[in-house]
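After this come two complexes, each holding chain A, first together with chain B and then together with chain C.
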Partner chain A sequence: MHDVVLTILPLLFGSFLAILAGWTRSALVYPLGAVALVMSTCFSVKLLLGVLSTGTATYLLGGWSPPWGIVFVIDAFSAGMLVLIAASALFTYLAFRTEILEGFAEKTAAFVSLLLLTVAGHMGIVATGDLFNLYVLIEVAALSGYALLGFGPGRAPLASLNYLCVGSVGASFYLLGVGYLYILTGTLNMADLAQIMAAAPVTASLHGAVAVILFGLWVKMALFPFHGWLPGAYAMSAPVSAALLAPLTTKVMVYVVIRLLIGVIPGAAMPEAVPDVAMLLGTAAIFAGSLMAFRQRDQRRMLAYILVAEVGYMIGGMFIGNRTAMTGAMLHIFADALMTLTLFLALGSIARQRGEMVLENMRGLFRTMPFTMSAFVLGAMSMIGVPPLFGFFSKWYLLSGAFESGQYLFMVGLLVSSLVNVVLFFRFFETAFFDEPGESVRDIEHWSRVTPLAVAAVLLIVAGLSSGLIVDRLIAGIIPASLI
Partner chain B sequence: MEDFLTQLTSKYNFWAYIVLMMIGLYAMIAKGNLVKKLIGLSIFQTAIMLFYVAIGSKAGATIPILRDSTLKGVIDFVEYINPLPHVLMLTAIVVSVATLGVALALVLRVYDVHQTLEEDEILEKIKNP
Partner chain C sequence: MKKTALLAVILTGALLILSMENFPSWGDVQSPASLHLSRHFIEKSYEQTLTPNLVTAVLGDYRGFDTMLETVVVFTAALACFLVIRLPRDVCTPGLFYYRHMGTGLVVRKHDACELPGENPTFERVDSDWPPHDVVVASTCRMVIPFIQLFGLYVVAHGHYSPGGGFQGGVIFAASYVLLAVSHDLRTLVHRLNERVTHLLSAAGVLLFFGVGLFGLAMGLNFLDYGALEGVLGMSLASGHSLGILLVEIGVGMTVTAALVIIFKLLSSRGTVTEGL
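And then the complex of A and B:
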């Protein structure tokens, strides 16, 4: 069978079988999910190796060739994204075994099934080469994501409902823009559309269509004024849902925008104001996200606001409009996903031991949870941008790209947000390192939680050291030569 | 004024979807009741579906089913409505029904936790538990 299908099929089958197993043999549910995720990860690695040696892989759904049929197109960059999505989901799944089995004791089957479905949706978004199919997969990923986030206690359902309203409006605006593009070109296939649009006359409706599509995707990725849903949804929900979705959702939406920018929308179709607005919003997101992160007592909420700033990094990088900055934005998708994964996994373990994630509860963590905290330090250092770690290299590309085209305000934003991250994380470290733990605190580190976390943290160093290789093999070939 | 009126009447289907969309958006922003917000969301999504349906239709054309099953004559596509937007909307309707389902399930959970569906009352309860 075709490799592209094999990466997604285990997840779909797994999600179906998990529901069935939930009715008859509930002990099978968790292993089924693990098998599905492991298979998906293995096949995506195989696909990545295949794409690297033989070039872009395509799969025609039902054998209908484009532009009539739906097509899955995997180039080196999207194959890398597939590996990232499958592997980070697998890490989360393994690290939060007890939460999934005990926290949702009655609903484990439903939870596992939704988790697999949301991962399948995200992988489909990355793989598809058809605009309408993209909409459907965005909704598949988002709907199961809303349900996952709504699983938590207390205010989680309300935060998730809020996210649902905003997310649906964003997806609807995207759909509206696709409709306009369909009127203008008569096709929905991305490659076909790129050809027609490059030759088509540039009109106000073309500009309108592009602007509406980008607006919809900005809402979905929580760019600054539309970020309201993100902190609530990630900080109120169960730690496992946040750790699963935080590395994926915003990053995959950024991926979609990059794909459209470099593959579908020719330069002339982009309304002139859009790059300026995007730079403004990106810079504003960095400042506002850092500032609001400063005011939070809850550590997960603080991390969510840092995530808002990170979205600003990537939006800025891709709209600066030179090769270096675009490379930075694409590399930062990988870097940010890996850092967010590490930090949310670590905070999830800590939340299980210490309950509420306020700063006062973090006393003496270094003494009682040394491994978790070491991984957390690596993640935080990468977020700040300390050299051998992954976050430094993507930030370096972004900074030099911004410098090349004279976007000094954006540069200042990058530097200020790094400084703010230093303050935020060292405030945390200070409490956790110097203050004595209370008498009654007995933290337990279980190997099943520490291993995935340690692997993610070590990957930050490995990926950082091999970031030149990643740029050469995965990214450089994708950026069109016209982008200097 | 004349120009504006001709613009308005010649593209009335597009104006209709824009008005519907704005009604939906207004309900989502201004209404305090969570279920009313969801009704607004539903109106908003339906407006976009109507827009797609309007793309496909043509004056004087018929449904896209071939009348002559033996295909004797040449098929003239002007006679038939473009079926693709309608088919796409079939999928979008399914998506919006699913969205509404998930949203109503979440509303039930919210009601279980807070015992009310009015947004200001919920915020009040969160602030002073």
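And then the complex of A and C:
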């Protein structure tokens, strides 16, 4: 019964204890973080299994029933998201053990604490059923995220400051929209709000509220043209922070938009222009992200621009307005998170050995780091969309959904971005496979780094092969029957 | 670029104003906001929480989880400052470290030593950019500070009855420490409240809040259900809720005080936490 809240509590508890431990017994800090993440992952899996067998779980925080108190509402889709977030954070945490222990010196406790807080924030965003609570959780997740990305060499603090400014604007717009909705309906609870809005007269104010909320969330998820913060923040920070946040932040925001679209905002309250604008921005994001990825020398920055294009996939998919495309967008959240995780974990290992992530430094990687590169290849193939990897299936749903609704420009965008990914990744593979490594190169692959990476890469295949099952059990039941 | 930005701001503002046309008029008793949730809170909250101040009852109890997370945000802010701007102990920033020779009163800057080992009888650390403090200012503040702190405690404890609570009281309490630093120097503050103590205090505050929540869980109720405090000290259900609110407000006050002092120390000393101001 308490499984819902127990997914998040170990993380919060761990983050407070990590600070206490940091100033008294610093050797305990890292194991503490690991225990918290493992517990959180276990409870999430348990919750997922519970939700699959008994249906949606609701948890009343403080024992107050909605709409007076705050509730957590977990259905199969959000339970899947919780597992995804907790597990991917755990993988990152385990793979970057040495960086966390050595790279932050006396600040390890603060880093671990912030890491746990950001994971807790992201999981809370997925779990909550209250619009204002969602905002507070966005604050927790984002503020700790800014700090994690801001700790790094060179221009990392500046890039993070950029992110902070843009992110705060997005969050403010979201909050403003929630305020509008409260004035119009008098409630903050999502389920209650959905009922009241369905009966409320459709007015300009209601349209305004919905538009402001969506705008705020688009800024937070780095949809083109609000993506300016993303490449800098992820490419300049410490590799561990980027690997932690890249699979989470944008995907969780996409999740929030999907949640609002299918559960809260009735069709009439959505301003008519929004789906068209969203399709336009989504398609533009795909083209612009791919084009700009093409021009990057730094491989992490290239990957960050590919992420910008991926956001376009999901936004386009959810606003096309048919069941197949919505399924594709929801499946792509999982797929994109998993392949981003794989790629960033691999690049983190490579960056540790080779320093600057330009193409010339990547020579001979296949020979010196075969396992890391194999995982990287799997991640890249999934990003391109090669069957039977996970990325193929979500992209297939998106393509057929776009075809059903006649969104041909979006289809072209999907195909072009796949082609660009082919060129980008094979350029990397060519250098890494055929060129000889330099004389001075001494790459080391340690099992503690390779294992989480290998698990993530294998999961890409497993999840790809069972994507039919994922769609059936986690996604199909969530999409309302009215969406055809 | 500036013109585009100005245009965007004006356009957004105009759209926002336009979209307010269907709002209920200010203070309308028939508006959805006054009919739906507020009515319940006004009618029920005293009965359920024994707290005359409705705002405190809503923030501390009905939406206690939000308040816990807001406290976590303050805690996070302090950690974020620490992570990003705290200089490592072994990084020496020349120009920041000045010493006064006790015998002659001459001030010297040591290039190679950031910290003189231990208690040095001949040299005393002084700030690089702060004149010797004024006796009048220092003594006045020293007299005022205890009263400010007393008021801070009052605001924390009196949140049930009047505007106040952990956030406000914590800020007032932290302000007294800021006054100490401003009227003396940062080292006086660091001497009273060193980094270790402030960090432990900030974590202890959120842990107290969290602990109240866990107590509910341990008693078989939901997380943060203060009803678990019923029966502790022979209390009724409503006064259990009242006690719960008081406990979490104390936790909030601890975290806010500590976090603000941490942030103040870091920002005013350029991340060295030894001097500044």
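Criterion: the second predicted complex is superposed on the first by the 483 of 484 C-alpha atoms of A that agree within 3 Å, B and C clash if a C-alpha of one lies under 4 Å from a C-alpha of the other, contacts with A are read in each partner's own complex, and residues count from 1 in each chain.
We adopt the following convention: a residue touches a chain if its C-beta (ideal position, glycine included) is under 8 Å from a C-beta of that chain, and two chains touch if they have at least 3 such contacts.
None of these values were measured; they are calculated from a predicted model.
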Could you figure out whether chain B or chain C reaches more residues of chain A?
-> C
Touch check for A:Y182: first (chain B), second (chain C), both, or neither?
-> both
Looking at the overlay, does A:E139 come into contact with chain B only (first), chain C only (second), both, or neither?
-> both
So, does A:G150 touch the first partner chain B, the second partner chain C, both, or neither?
-> both
For A:C165, select first, second, both or neither according to whether it touches chain B, chain C, the two together, or no partner.
-> first
Could you pull out which residues of chain A sit against chain B in one structure and against chain C in the other?
-> 132, 136, 139, 143, 146-147, 150, 157, 160, 176, 182-183
Please give the residue numbers of chain C that touch chain A in the complex, ascending.
-> 15-16, 18-24, 31-38, 40-41, 61-66, 69-70, 72-73, 75-77, 79-80, 82-84, 86, 88-89, 196, 199-200, 202-204, 206-207, 210, 214, 216-217, 221-227
Okay, in this complex, where on chain A does chain B touch?
-> 132, 135-136, 139, 143, 146-147, 150, 154-155, 157-158, 160-161, 164-165, 168-169, 172, 175-176, 179, 182-183
Chain C contact footprint on chain A (complex, rising order) | 2, 5, 9, 12-13, 16-17, 19-20, 22-24, 59-64, 67-70, 104-107, 110-111, 113-114, 117, 124, 132-133, 136-137, 139-140, 143-144, 146-148, 150-151, 157, 160, 176, 180, 182-188, 196, 203-209, 211-212
Residues of chain B that touch chain A when the two form their complex | 25, 28, 34, 37-38, 41, 44-45, 48, 51-52, 55, 85, 88, 91-92, 95, 98-99, 102-103, 105-107, 109-110, 113-114, 122, 126
